[in-house]
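Next, two complexes with chain A in common: one pairs it with chain B, the other with chain C.
Coming up: the complex of A and B.
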């Protein structure tokens, strides 16, 4: 059975945020409600300070803590869909327990104060939906949390399931450089200028993602939580520095 | 004839009207905001999903559980000197839980959807599913038990069985509520297997504060107006129990604070250092709302004084509300990933709408309480107990 996975090479990532922008455009997320984000940190002090960054999509965990806490089964892991974790917007009651239980902070409740001003919900007011952006993903699927997010529910990255699900059966990798698969590649992977992202089948031993994880010692974020992400990181900087308040650094 | 209970007269009606008006006004304000701009009217965010409304619910739900446990002293464990509190405790437990649930309902994204998706999807792995099951059971048993007391059926076999079932429901509900937080290993400030014990202790402390305050309120803050058995309880066992429970609460907070400050884990250490102890409000609530009341209740000469008891109950009421608030928010203030969106601790101050929900719940509690005092006999006790302890307690 297909198990979709993503590999992000931090030695190639330039932190350009093209992935963040592509994701927001593809999935009609509100500004700042970034299902896919690149987090910037600075470490050390002058003259040895350095700037570093970490791209962060939903990890689509093998053992997702968000799924078991959901009292309504609105959040579920769909093994038939490559192991992607979805939110069924028809079942979500907006209790936000999944947001508490996610160790990666990749769940969003759009019915909140705007992260970025001006509030685009007022600029593009929607009738019967939270807002009405000029472009809307035509392939909405509330049962999988795809489309314009309704009020009062939680949303998250779907690995662009509306694209990935159209891929030919049994394909090992979805590569934006391959004309046969490029249309099915998640938006963040397809748009990545330095090609720092790879997407493929973790259950297929011949996939490029498996080769990279093995050859370049792929690691998973916060592996101690036991969530076992389906997103792997390569290169230096994959260790997330512990929280350090500005006053102490 | 009101037999000393001042709320059976015009004062009770006045309190009922004023509280109901406050509850309706607060509900109206919050509802208008929610209908106009949704949860944009809250100051919560995707990084701080649970704010003051959740803390308010937690406070009310645990106060209700505490009152259920206090009622179990005479009804389950046979400590008959607590009979004068039993019926009022059961009633207060019921209405505080209702008020808490009303606040929670306004916080959720889709409260009516909850009514069918939870029973039809049976996610038994979720502690929140069990919270619904146990608190609904708790509510029903409280109602059933109260109905038995109304029928003066205190010691029948059925009444005793309902009392035991109610007590078990209280233990399961509040213990499970603790696990909603305590099982979250990704939120180290909350992650604690002993969280149910902490919740039980603080639940009883807030329950005692509630029943002491509301009983005094019913009798115009005059102990002399109370029935003899009730007076005896306020002079003897109750303040000692209050002191013991406050002592347990202080001990638990101290242990959590010491381990929290000692650890290197920033998600625990910094919460205690930079959020809790750095806040004058937390400091005031801890020292004036929990530690000082404990010290006062330790003094034999003071703990029996009616004015002291009322002041201590009010201080504990406020102190434990702040404790719940800082507990809920404290588990979320350290960002899961530092960087871009959050460089320091996540900042959160409740919005006016969130305050309106807290006021709504509190006013609702006062209104339902005034109605209970006005139309029901909350000081009722079993006939044989009355015969043995003075018979004037019929108010």
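Coming up: the complex of A and C.
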């Protein structure tokens, strides 16, 4: 069975946020609802602070803590669909338990307070939808949390299931440079300018993602929580190095 | 003295939709007027108060029963004498009437607020019980004034002016000397031409959409409370001082350590409980004089409503204040715990980034935003 996984090479990632933008355009997410985000992190203090960054999609855990806590079973892990964790918007009651439980902070609830002014929900008011922008991705499936959510539910990354699910059966890798598969690649992977992201089948021993994880010692974040993410990170991470004051001598 | 015309009264019963709990706050499920009406002229249906003017006898008991003062009958504004006011039933004939008495359609239609208004103007009140109320044709009830008189007497007792309470004099008159009770007007028979009849049969009347929310009639807005505002003003006049004993009004106490301020403020049907947002704090502000004592706010944890307050009432008071801060990362307002600089969400993000960095570089990275 297919088990979709993502590999992010931190040595290549430049923190350009192209993935964040592509995700927002693909999935029509509200400002602040960054299913895919790049976290910027400062280490040390001025003047010797160092800036690093970490791209963060949903980890699509093998043992997701969000699924365990959901009181209505609205969020579920679909092993038939490549092991992606979905939110069923018809069942979600917006209690936000999953947001607390998720160790990675990748679940989102549109707050009443808009993140940016003016509130786009007022600019493009929707019927039955949180908002209705002039262009919407025609793909939508409320039972898998694809499209624009109704009011009062939690939303999350779907690994672009509406694209990934179209891929031919048994394909090992979805590579944006391969003309056969490029249409099925998740938006963040397809757009990544330095090609820091790879997407493929973790259950297929011949896949590129498995080779990268093995060769480059791929790691999963917060493995001690037992969530076992399907997103692996490679490399030691690029950074803006700390200022090194010249010696007086 | 204005001539009391029973035919004229019912048509002038007005509902102020801004002050009606049923219209503005269906969650409060108020039906005080419908319960009190002796002839069932008021029907309450989800958000609509329907007045049947043909059944209404204009007794105005609903006006006295309404907790917010949403109903009004202009004829029920009794004037008052300079030093004393005698209230007479509208059925008493001119010959039997007490000298200088004020006539009202029904003694049960005088509300406690109106009694306080007359008392506040410095006049003593006497109600004449003519003994026919129990079997009045316009809806019998042994002592229709009892609730209002009791409420006004209680307020006076709290102000140590027990002697001024309204007096009820039992001076029965035989029923035969009374004017006929105001009768229910029956709907006029309506005839249809054949064409009209067929049109009526073929096109069913459109059912009104009762749950529609319009800008003028939002589903959950705050309700005006003219009756409670008037009560506060009259009590202040009676008291003669700006500060009144708080025992006249309900009191709200914060018992928990962190009540949900926004929830509590939105549960209150009136403006009694409001949330004031200031740059560095959220304040829960309570005006006891506007409180209906409905207890809706208690659904938010950590609030306890007491029917009577203690100490003195001196207007609007802040009952809870919560320090708020703006997260330097995401600019969201949040309630910080001790020594918390960034919000919980940003803390989680930072924590994840620090953990990732440490993991990738195979070393311990200290957490620090």
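Assume the second predicted complex is superposed on the first by the 231 of 249 C-alpha atoms of A that agree within 3 Å, B and C clash if a C-alpha of one lies under 4 Å from a C-alpha of the other, contacts with A are read in each partner's own complex, and residues count from 1 in each chain.
In the analysis below, a residue touches a chain if its C-beta (ideal position, glycine included) is under 8 Å from a C-beta of that chain, and two chains touch if they have at least 3 such contacts.
This structure is a prediction, so every number in the text was calculated from the model and none was measured.
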item: Combined model on chain A: chain C and chain B, fit or clash; value: clash
item: First, second, both or neither for A:225, with chain B first and chain C second; value: first
item: Contacts of A:236 with chain B and chain C, given as first, second, both or neither; value: second
item: First (chain B), second (chain C), both or neither touched by A:68; value: first
item: First (chain B), second (chain C), both or neither touched by A:10; value: second
item: Partner chain(s) touched by A:101 [first = chain B, second = chain C, both, neither]; value: first
item: Partner chain in contact with A:43 - chain B first, chain C second, else both or neither; value: second
item: Touched partner set for A:118, first chain B, second chain C, both or neither; value: neither
item: Partner contacting more residues of chain A (chain B vs chain C); value: B
item: Touching partner for A:54 - first (chain B), second (chain C), both, neither; value: both
item: Touched partner set for A:91, first chain B, second chain C, both or neither; value: first
item: Segment of chain C intruding into chain B (one of 3-11, 201-209 or 291-299); value: 291-299
item: Common ground on chain A, meaning residues reached by chain C in one complex and by chain B in the other; value: 32, 39-41, 53-54, 56, 103-105, 111, 113, 115, 222
item: Residues on chain B engaged by chain A in the complex (per definition of touch); value: 38-40, 42-47, 49-50, 108-111, 113-114, 117-118, 121, 123, 125-129, 131-132, 180, 184-187, 266-267, 270, 274, 331-332, 334-341, 343-345
item: Partner chain B, residues of chain A touching it in the complex; value: 32-33, 37-41, 53-54, 56, 65, 68-74, 91-97, 99-105, 107-109, 111-115, 119, 151-153, 222, 225, 240-247
item: Residues on chain A engaged by chain C in the complex (per definition of touch); value: 10, 32, 39-43, 45, 52-54, 56, 103-105, 111, 113, 115, 219, 221-222, 233, 235-237
item: Residues on chain C engaged by chain A in the complex (per definition of touch); value: 330-333, 345, 348-350, 352-357, 359-362, 365-366, 368-369
